[in-house]
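A, B and C are the chain letters, set down in written order, and residue numbers restart from 1 in every chain.
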Amino acid sequence: MNSAPPRAPFLRIDRLRKVFGDFTALNEVSLAIDEGEFICFLGPSGCGKTTLLRAVAGLDIQTAGRVWQAGRDISALPPAERDFGIVFQSYALFPNLTVARNIAFGLENQKLKRADIERRVTELLALVNLSGQEGKYPAQLSGGEQQRVALTRALATSPGLLLLDEPLSALDARVRAHLRVEMKALQRRLGVTTIMVTHDQEEALTMADRIVVMNHGVIEQVGTPTEIYRRPDTLFVAEFVGAMNRIAGVGASDGRVTVGEVTLDTQAHAAAAGAPVVAAIRPEDVLPHAGAEGGGESSGGGGDSAGGDAADGDAASAAAKGNNRLQARVDYLEFLGSFWRVSLTCAALGGVALTADLSSNAMRRMRIEAGARVDLELPAERVLVFPRGRGA
Amino acid sequence: MKPTVSTTASKAVAAALAAGLLMFSAAGRAVDLTVYTAVEAEDLKRYADTFNEDHPDINIKWVRDSTGIVTAKLLAEKNNPQADIIWGLAGTSLLLMKAEGMMEPYRPKGLENLDPKFYDSDPVPSWVGMDAWVAAICYNTVEGAKHNLEAPDSWRDLLKPMYRGHVIMPNPNSSGTGFLDVSSWLQIFGEKGGWTYMDGLHRNIARYTHSGSKPCKLAAAGEIPIGISFAFRGARSKEAGAPIEIIIPSEGIGWEMEASAIIAGTDKLEAAKTLMDWSISRKAMEMYNTAYAVVGYRGIAKPVKHFPPETVSAMIDNDFEFAANNRKRILTEWQRRYDSKSEPKN
Amino acid sequence: MTADADTATTDATTVTAPASTTPAAASPAARIRPKTGRDDKIMAAFIAVIGLYLIVSLALPLYAVLSKSVSAFYFDLGNFEFQVDRGAGWSAPVTARQLNDELRALSPEELRTSGDGRLAVTVFFPDFNFRAPTRYRIRQVQPEAAFLAGTRRVADTDWHTFDSNQFRRVVLRASKSTGLDNYRAYFSTPALFRSLKNSLTIAVISTVLTVALAFGFAYALTRSAMRFKGLFRIIAMAPILVPSLLPGIALVYLFGNQGMLKSFLLGESIYGPIGIVIGSVFFTFPHAMIIITTALSLSDARLYEAAVSLRASRWKTFWTVTIPGARYGLVSAAFVVFNLVITDFGLPKVIGGQYNMLAVDIYKQVIGQQNFEMGAVVSVVLLIPALLAFTIDRVVQKKQVAQLSSRSVPYAPQPHRRFDALCLLYCVLVTVFIAGLIGVCQYAALIKFWPYDLSLSFNNYNFDVMDGGGWDSWKNSIRLALYTAAAGTAVIFCGAYMVEKTQRFVATRAAFQFLAMLPMAIPGMVLGLAYIFFFNNPANPLHGLYGSMAILVICTVTHFYTVSHLTAVTALKQMDREFESVAASLKQPFHKVFSRVTVPVCLPSVLDISIYLFVNAMTTVSGVIFLYSPDTALASIAVLNMDDAGDIAPAAAMGMMIFYSNIGARLIHLLLTRKVMRNTQAWRTRRGEAVR
């Protein structure tokens, strides 16, 4: 393997299978990860993400398939012969050892001098802002501090690969948000290739260089956070990452989608005419225009939707084309702090229920309230089309 | 060998002292002889010391337990004997072992001094006897008076209704003394009469004990007025101050001898023979006589304290071969008759 | 591989489809055989060693019992030939079978026997007269059995000639066979069958009484606000510290014919079911009390609050909240008590009188009649109810664990004057009963000669002049208890660790777990007997253990394996499952985690296991009764043997020595636990500061 080409991936997983009795936990999973990447395995519980992580670690070795790390075939090696550090959801800190002893655990028996070990521990603790906590026991630390100790312990031996199994899920929201940033920064600084397992899409979107979305033991999609969010390959990914409105219809001959008596403009799709499809649009891309009196305002206010990023400009202009403009009734409103979630029924689409996320400003401007009638615009380039059938 | 038989209850078989046996003391070239015995624990040291006065070069390693257990142990070790010699075990037990071919026949010096009842009748005897212990009734005079009982004179007296619930005897299935009683009644009263006698006695028995010495100790403690046990135990209890009388029933009493034998296949044959010779010497017999009224050596026995004078003359002409060969049958029959009926009494 | 890696880079994200010609390409489909690491090897070795221990100390001996129980003896009539000379020369040889077929002298039942069976040959000659001048010859066809001529054993195949007077002394010996004959014999013997009935009766009555009494006690401890709860609990635990036969001795002094309280029995005899039941209640009480107290303390205060808010009466609350909440505890306690009673041997032996029970039958068969085969049969029969009770208990326990994991608020009893007073009275009565029996033993031990000389003396402690092994037996017991505690704790904790923390060897670990649970269902006597059959076999390379202290230690560890194993597993389950994974990722061997983390964290449980083993090794009778040798006589056995010999007061004295030794051990355990808690469990006590 020493002669592997320079662009060889740091970690390569090839057609991994893991079977527990009758249950196939991983089915022909293949993946390549470059050095220094931060990868998230994202998926619902039972999708196989943790199984895949444990196979990479050698903790539960796969039934079939191979794993290479840094050009070395590690498929059958026990964990101790691989090169990784790991942080578990529970942190698995040794309760009867101090913070310093926990971190030094992996440094012992490595022909290091006692003083060197101590120096390294001090250095690492400084790195995670835990200086001065050496003598404490894990139970005397807060959850966030424990998590950082676990991370430090995993990094102490400078492993080539850092594995994180739901490392933030035991923490409360505020600490989690803070640690997300800190961990990502640390990873950048150290440049260590990292795989994190999570079921929290927000965590994946904010931290990962690339996200691996998994379901039922297979990889649904691999891509950067924006790819995953904007261009989901499958309906599953579309719905798992972020919220999504679904409108059942059939493919029209001109590459559009027919729903009831309406034909919607959509992104290009490959469905044959008459084939059942799902048209999907995210709530922040649904643009209401407040009735007759609100029409003028909406055309001028492209940034009204909650998701107000640069794309909204396009959406507004698309709406101006007037293709996917529909009448809808407001059923009820949900206040979610920074924005409102509006539930709508669209009679033209066969009474399908839609939600739209609107900023407080837009709500005030358009005076949207329960029972009101609104004009809706579904920007064509934001309407994704997926084949209906499997899981749809 | 006190008929304490299964007194000290249990743990059956074997004891792997083999390793110990192989080790000769570096000092004096002394031979270690593994001796299985049922002799009373308190007598062991005295026996060994007296023997060593004449034979200091033979070192006795005792393995002692109650008769039932030593017998079970020896039988269990049949194919892999750990003992070199038996010194002081029930004659009936030795017959069982002879029937398994476990004995090394040997005619010890001075055999002619012994009563022929006390050694194997084969030309070269497989075993030789030491002394005898005899059955007896222990009667608590204080408790007897309290319950208005007369002291019994004979086995038949014990059938009287007034003794109902006041008699205890050992279970022959667990006690050598118990079996001794049963086999002697079958010999005294005949097979049929013996069972009839026991049917009657069973009605008066409060309970059967596991050990042979317990009935006498219970009588001594006043727990029961009458205990069917053996004279040696009664004498000891009386010596200890218990208000009991030792009664020798007029029909005669069963008895059992303590005997010795060499285990076939021992690699210490010479030492074993030396011990066999000594075990029937006059000196040895006088040693036994301090506690046992009857010894195998003719004409030397002196009376033992608390033993009734009629003890020796009351001993029946015990047929050990009958006892050994019919043991299984008798015990099965006894169990069928009395164990199955042995619901608690009020 | 190089080519393969190259292919992979062309599509960095998804499925790689390397050219099928490269050698590596074929491999992904192949099943991966995980490479065995150093840790795996050490663990495998450990599992093998401890698994082997359980096989040798449990599985093989039990197999030996089973095979012994089906080894039967019969008279092989076809193997013996006779010739008769009635004055006209020798007749043609004829086998005993032919003669019996003609005469129908013996039924097939009568040909079944045991190892020491004998059959007089004269039954085959109806005209036999020992005064007749007839001569007889006998020989064996195959040298498989033997016959006795008088007391002489003849095992060859030669013809032997006897005159009629000698011939009447010829008896046949039995041959060995394999089959269910012993079981048939057992179930056709009313005496033995009755023992089964008696055992079940006593076990059921004792179970009902003990569980009811223990429930009342536990109820008072958990639901009342009475005082002295700690003291009551300590006294109620005392029976665990004495051999099960000690209450029997106390009962003799209380209710025997010379008993202090004899009149209380209204003429009934204490020797029999009454004595066994009272004694059984005494010695099983703490076991039931612990289980039921635990069950009751688990119940949820919110249910009681709900009951109060619904204005349910105390009575109704009791039946709708308390009892259902404790039902698993009650069932579990019932089966534990049932099992203890039905397998106990010491108590019925001491106080059972003529009331036969299975456990005592085993003893009588083996020690009294040297009928090992029938002892094995009774053992197997005794196994059945014990296994049944054990299985039900395990099922119920599992359900209780599920209940345990639910989140609940502990119940805090409110003072209630009349109810508390009632509870106090009840607990006083129970503890007086328990302390009373122990006190009576101590009193009896100090009396010079009950009932004739009531002056106090230490004569009864002069064990060296009595049966049972003297003071050495007490020293041996202490040694046994120490060895058992040390070796047992090490073996059991390591075994539990392997079962709990190893990922691989699934089937092996399941088998191991089964073996570890099994001893609880095996009565001690059966285990002891199994050890005789297994270890006392000269062909067994471990034969040398027989009669040594080691075999007593092995037997005791195995006998008390299950409870210790469960304690260890419970402690280990509280350890994070990933400690070993973390260590592996840090390239540290698992035994470093074991010694640096697992053992220190579990130290309180480790100490609990050792005191449990110590106390039980001091008191056990049934397991070791077949196994001790003159050099390794034990105090608990000495109690039994001295009682058996009628030396009841010394037996009580030795029983009290065991009691005091165990109290001493418990105190040391308490001090040690405190010290350990202070020194190594510092991280535990400061947990309060953790919340920020």
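One rule holds for everything that comes next: a residue touches a chain if its C-beta (ideal position, glycine included) is under 8 Å from a C-beta of that chain, and two chains touch if they have at least 3 such contacts.
The structure displayed is predicted, hence computed values, not measured ones.
S.K.: Looking at the contacts, which chains touch chain B and chain C alike?
M.R.: Both chain B and chain C are touched by no common chain, going by the contact rule given at the top.
S.K.: Using CA atoms only, can you tell me which chain is the most central one in this structure?
M.R.: Central chain: C.
S.K.: How many Å are there between the centre of chain B and the centre of chain C, using C-alpha atoms for each centre?
M.R.: Each chain reduced to its C-alpha mean, chain B and chain C end up 33 Å apart.
S.K.: Per the centroid of Cα atoms for each chain, what is the distance between chain A and chain C, given in Å?
M.R.: 57
S.K.: Quick one: report the Å distance separating chain A from chain B, using the average Cα coordinate of each chain.
M.R.: The answer is 90 Å.
S.K.: At least two partner chains per residue is the criterion; list those residues in chain A.
M.R.: Chain A, residues with two or more chain partners: not present.
S.K.: Going through chain C residue by residue, note those that touch at least 2 other chains and give them in order.
M.R.: Where chain C is concerned, no single residue meets two or more other chains.
S.K.: Could you list which residues of chain B touch at least two other chains?
M.R.: Residues of chain B touching two or more partner chains: there are none.
S.K.: What residues of chain C sit close enough to touch chain B in their complex?
M.R.: 113-114, 116-118, 120, 146, 148, 150-153, 155, 169, 171, 173, 189-191, 194, 252, 256-258, 267-269, 271-273, 349, 353-356, 363-364, 366-370, 372, 449-453, 465-468, 470, 528, 532, 536, 538, 543-548, 624-631, 637, 640-641, 644-648
S.K.: Under the stated contact criterion, what part of chain B meets chain C in this complex?
M.R.: Within the complex, chain B touches chain C at residues 4, 6-19, 41-42, 62-66, 68-69, 71-72, 75-77, 79-80, 95-96, 98-101, 120-122, 126, 142, 171, 173-175, 206-211, 213-218, 220-224, 240-243, 321, 324-329, 331, 335-336, 339-340, 342-346.
S.K.: Touching residues of chain A toward chain C in the complex: what are they?
M.R.: For chain A paired with chain C, touching residues are 1, 3-5, 7-9, 12, 14-16, 28, 30-32, 34, 57-66, 68, 71, 73, 75-82, 84-86, 88, 90, 92, 94-97, 105-106, 108-110, 137-142, 153-154, 156-157, 159, 163, 210, 219, 222-223.
S.K.: Please output the residues of chain C touching chain A within their complex, sorted ascending.
M.R.: Touching chain A from chain C are residues 1-2, 5-6, 8-9, 11-16, 18, 24, 27-40, 503, 576-579, 581-589, 592-593, 596-597, 600-601, 680-684, 686-687, 689-690, 692.
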